[in-house]
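These notes open a run of structures that come right after.
Two complexes come next, and they have one chain in common, subunit A, joined by subunit B in the first and subunit C in the second.
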Partner chain A sequence: MASQWGVVEPFPIYLVKSRYFLYDANVVSHVRASHRMCGCLTGTLPQIPQQNVFLGLPLELMTEEAALLVEKGAGYIVNDIQAHSQGLKSMLEADKAAYLEAREAESIREMQALQKAAEERRKAFRTPKPASLKDNDGEEEETGEEGKIRDGEEDKVGATVFETDTAKTKLSNAVDPAPPSTLRYYPVPATSEALYHALPTSPGLLEARVLEPAPSETSYPLYKHLHEHNYFLSPGLRFGCQFMAYPGDPLRFHSHFVVTGLGWDEEIEMRDVVGGGRLGTGVKKAWMVGGENKDKPGEVRTFCVEWGGF
Partner chain B sequence: MTTPTDTTTPHLQDLVQTVHKNLKHLADWSSLVIHSSPSFPRPLITGLPPDPVYIDPDSASTYNAEDKNSPERSQHEWVLPVDLREKWTLRKWAQMFDSLPEGYWGESGGKVRGKRILLAVVSDDSTVVHYVVHDGIVKPRQN
Partner chain C sequence: MTSSAPSITITPADSTPTHPAPTFTLPTPPAAPARYKKPNYNVVHALPLPLTTVPLPPLIPHNPLSLLHIIIAYLFPGTTSHPSPLHVGAFHASTRAIHVTDPQSIKAFWEHGFFGKGSLSRSEPTWVIRKRRALGVIGQNEALTSEEVTMRRREERKEFKRERARAEKERREKQLAEEGKIVRGPDDDQEKEQRDSAAAASSSSKSITFATVELPPRRRSPERPVVEVEDLEHLQLTLEESFFLSFGLGVLQIKDSKTDEIIPQKDLLSMFRCQSYFPPRTPDMLQPDDPFLLNYVVYHHFRSLGWVVKSGIKFAVDYLLYNRGPVFTHAEFAILVLPAYSHPYWDHDRVRKEEREKKPWHWLHCINRVSSQVKKTLILVYVEVPPPLEKTGAEDNVPKMLARYKVREVALRRWLVSRNRD
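What follows is the complex of A and B.
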């Protein structure tokens, strides 16, 4: 069953060093529209890695999001590093040779183009010979001995502005074609998935359950509870909590709650309750605290705290 | 944890008296009643605030502060006095709310509202601060 974006569930979620990533823009759209998960865009520009205003793919998922997607059967976890090296190993010899050949051909083509451009630049520089240069040639012939000595020097140096016929031929030889290894561009396909990744046939991996994410026991039930009540949740570290809860897509709504998950018997200082209440009220939200009822597994209790106003 | 003897300790009596006085003389509440039933984990206070402590954001535009008979105006509030040095858990919150009477809790913005209490935190310099605690997912009011 493919979605509007051509995404087939379960889709792969890539695990790199205990962080979960989505690389495909279609999967990102699908997850946002169908699963109410926004994640965090983490990709920046290689040239300006400091800028963090306009981030792009890949999308990093919270552990809770990855866990819920796996639990729903919408996604499965792929160990990215392992799948990559496995994919490289299992690449067919013929494919590898064909790829290397294509790369070689492309670099030769590139080199020839570069050489041709250099040749043209040189030609453009030489053809409209100005009168002053011709005069120079004449002078050199007249000076005789001195001119010959200069010619000799030119041979060694390879190129100067004052060119004689012999120097011209030497000059074209002096530009060695650059060895292919110094060229900076190699054709690399935009997506590496098909090339390098050995993706397991999906149901098999779901059964293995080895890579199932293990989110925190205090936050996951609360995350799931709010998710089931149609809230969008995003990481809340920037706002002094665990999650921000939006009543709809964060592009359309302000968040309603700053959420903190607690264990059923985890003690909380009154001062932290007051601080939480202030934190929420200060930004026109409520501070929510909640967790799973240990006596009734599956039941999640939540409490919303706001300043009393007097 | 919630033995009836708790409700009679001098510490809790003092706490309740401090909050009661604060509500009566400083916050101008009316109809104040202290409830020390053994079914509650500790003595609670009910009363009528001069201004509603919570207005549903969906009805904030239609709420008329001049109308003395609006449902928001006639909402009695439960007040839970606690000491600043206390530590609470989700279990205690849940027990607290479960001990409150079930049934009709009034209306807010045309909707039947859930349980809520006003947490009155008393510091040792007798400062009292009040925080509204809702049971469940309740939209924050518009400030």
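What follows is the complex of A and C.
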């Protein structure tokens, strides 16, 4: 069963240091469209980690989201670190050689492409553009001497560039077929998935159906309840709650509720009721609390509190 | 976009320089709010606590008689610092509060230290003033209470916003008409006029109804009714406040509302500790981390440092700290009382260590957001809970028992990496 993004369920959810991640953009789109889960984009650029306004892959899932996906059978958990080392160890010598060869070939191809591009640039720079000169002819006659001076300068610059280039190529030819000016680098795959292919049936990995870390007993039933009622839920930690509940996709709607899960018989302090009410009303939302009936599993009751401020 | 169009009716206030915001011309312009003259709070609330202190006479080195003055003043003080007889409050278990009904005591407690809260008012007991104004005994702008000031300010703001929205809409419509996006025919103009006149009529009728309710003209006539309004309000002191007044300052005696007998000082602490649970506990079930003890330790700590400490339930915290008092400034700090079980005695107490000491992050974010919304700095006050006393009867020595508690303060502020980068 492949969705329109070519995602086959169950798809892997990667567990790294007790956090759940999705690396594949197609899976991310699929989860958002068919499972109403948005998660949180967490990836930054290693060169500019201060930039945290626009984040990209991987997508971090809430524990509740991962648990629900696993419960539905839409995903399975892969312990990423364990699977990676396992995959590396279980690699055959031939596979390893093939991988290294492929890497080398890819690297050389990249280098050649770069070289070719550089050569083309150089060529374009060295040969005067006849077309553009012809176009400029009329103007040149008018400007007269100024144009000539410009021409002269151009020639000079072109000559120096040409000279240094030849010197360099001579040198590099002696040492290596590749000029040292072109960086040689090996492309690193974004995921380690290519190294191993963990099937959901492979032993040891499917055991992870038992979630660790598991979602909290108070928040998961409420999450499930709201999710079943077609709400989109996103983490609400920075807003002072457990979830923000959106009536549709968060890109289209404002959230209606700030949600906190509670135990069925849990005592709440008056102070915290006031705090929740003020928190919600301050941002024109309603503060929602709810929990699952201990005696009747599956029955969830929710309450909304608003700050009246008489 | 300029505001040169005549229909944009934002004009400066009608030549009253004290008016703070621009008003709009209206069919019935609202009277500029008469600024009510506040009483001189510096004089009214000169004493920080309900105690009177008289400084000793000055010592003049070359006048030996001045030393004699000092000795006499020291040995035979003319006035005592404490009121005589002491203030009396009645303990009510139903409201878990001490009720003070004597007007003199109410005045002393409110004006000198801002203790307690009026049972029918927001803070200062002012119910009788509002009632008398409603009955027309006093004028509309006499002795405004804080509740009324707030209400008027809210009305003013609401009116201002309404007017701003109306002006905005008019300007938008005019601009659209100029750009030719709305075609306004002669019918439309007529309709608009009709609508305008209807609106004017409705607004004026509204203001008339307001006037009859707010300014009853016959009440303001010379034959003002001389009705004596009986003051039905009392001052409510919380358990912590009354224990501070009784144990800390010694100006309050507490009697039981049922038996009408004075409760001896030594029984007060255990009674309040029992009452701080719901349902109240028996004295043999008391613990060193009773809610009353934790709160009182923090209350006493900040009172003795000179802060005016009031309940912070409305901002979802335990206490609010005012620099001099609520009439002078807004509260600067919001206090959250948290027990800390770092003594080795509690190491194996799972309920306390894991349930009472640990709180979820989202809870802290919630409280912190609420207090930063009202521009207060949140302070987490950790009270180090000592192990229970071994000797029975050692709890009677209150100062010694309270000295076993330690208080740590941590100030908390929202700090965002991207906003606070230089």
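The criterion applied here is as follows: the second predicted complex is superposed on the first by the 203 of 310 C-alpha atoms of A that agree within 3 Å, B and C clash if a C-alpha of one lies under 4 Å from a C-alpha of the other, contacts with A are read in each partner's own complex, and residues count from 1 in each chain.
Please note the rule applied: a contact is a pair of C-beta atoms (placed from the backbone, for glycine too) under 8 Å apart; a residue touches a chain by one contact, two chains touch by 3 or more.
Fair warning: this is a prediction, and the values are worked out from it, not measured in the lab.
In the superposed model, A:Met288 lies in contact with subunit B only, and not with subunit C. When the two complexes are overlaid, the chain among subunit B and subunit C that reaches more residues of subunit A is B. When the two complexes are overlaid on their common chain A, residue A:Thr260 makes contact with subunit C while staying clear of subunit B.
Once chain A of one complex is fitted onto chain A of the other, the partner contacts of A:Tyr99 are absent, as it touches neither subunit B nor subunit C.
When the two complexes are overlaid on their common chain A, residue A:Asn52 makes contact with subunit C while staying clear of subunit B.
Once chain A of one complex is fitted onto chain A of the other, the partner contacts of A:Gly236 are limited to subunit C, with no touch recorded for subunit B. By the document's definition of touching, neither partner reaches A:Trp5: not subunit B, not subunit C. Of the two partner chains placed around the shared chain by superposition, subunit B and subunit C are both touched by A:Arg271. Counting contacts as defined above, subunit A residues 270-271, 274 meet subunit B in one complex and subunit C in the other. Put simply, subunit B touches subunit A in their complex at residues 27, 49, 51, 53-54, 82-91, 93-94, 118-119, 121, 129-143.
Note for the complex: subunit A touches subunit C at residues 50, 52-53, 236-242, 260, 270-272, 274-276, 278-279, 282.
Subunit C contributes residues 313-318, 361-363, 365-370, 373, 417-418, 421 to its touches with subunit A in the complex. Only residues 226, 229, 247, 256-257, 262-271, 273-274, 277, 280-281, 284-286, 288-291, 293-294, 301-310 of subunit A touch subunit B when the two sit together in their complex.
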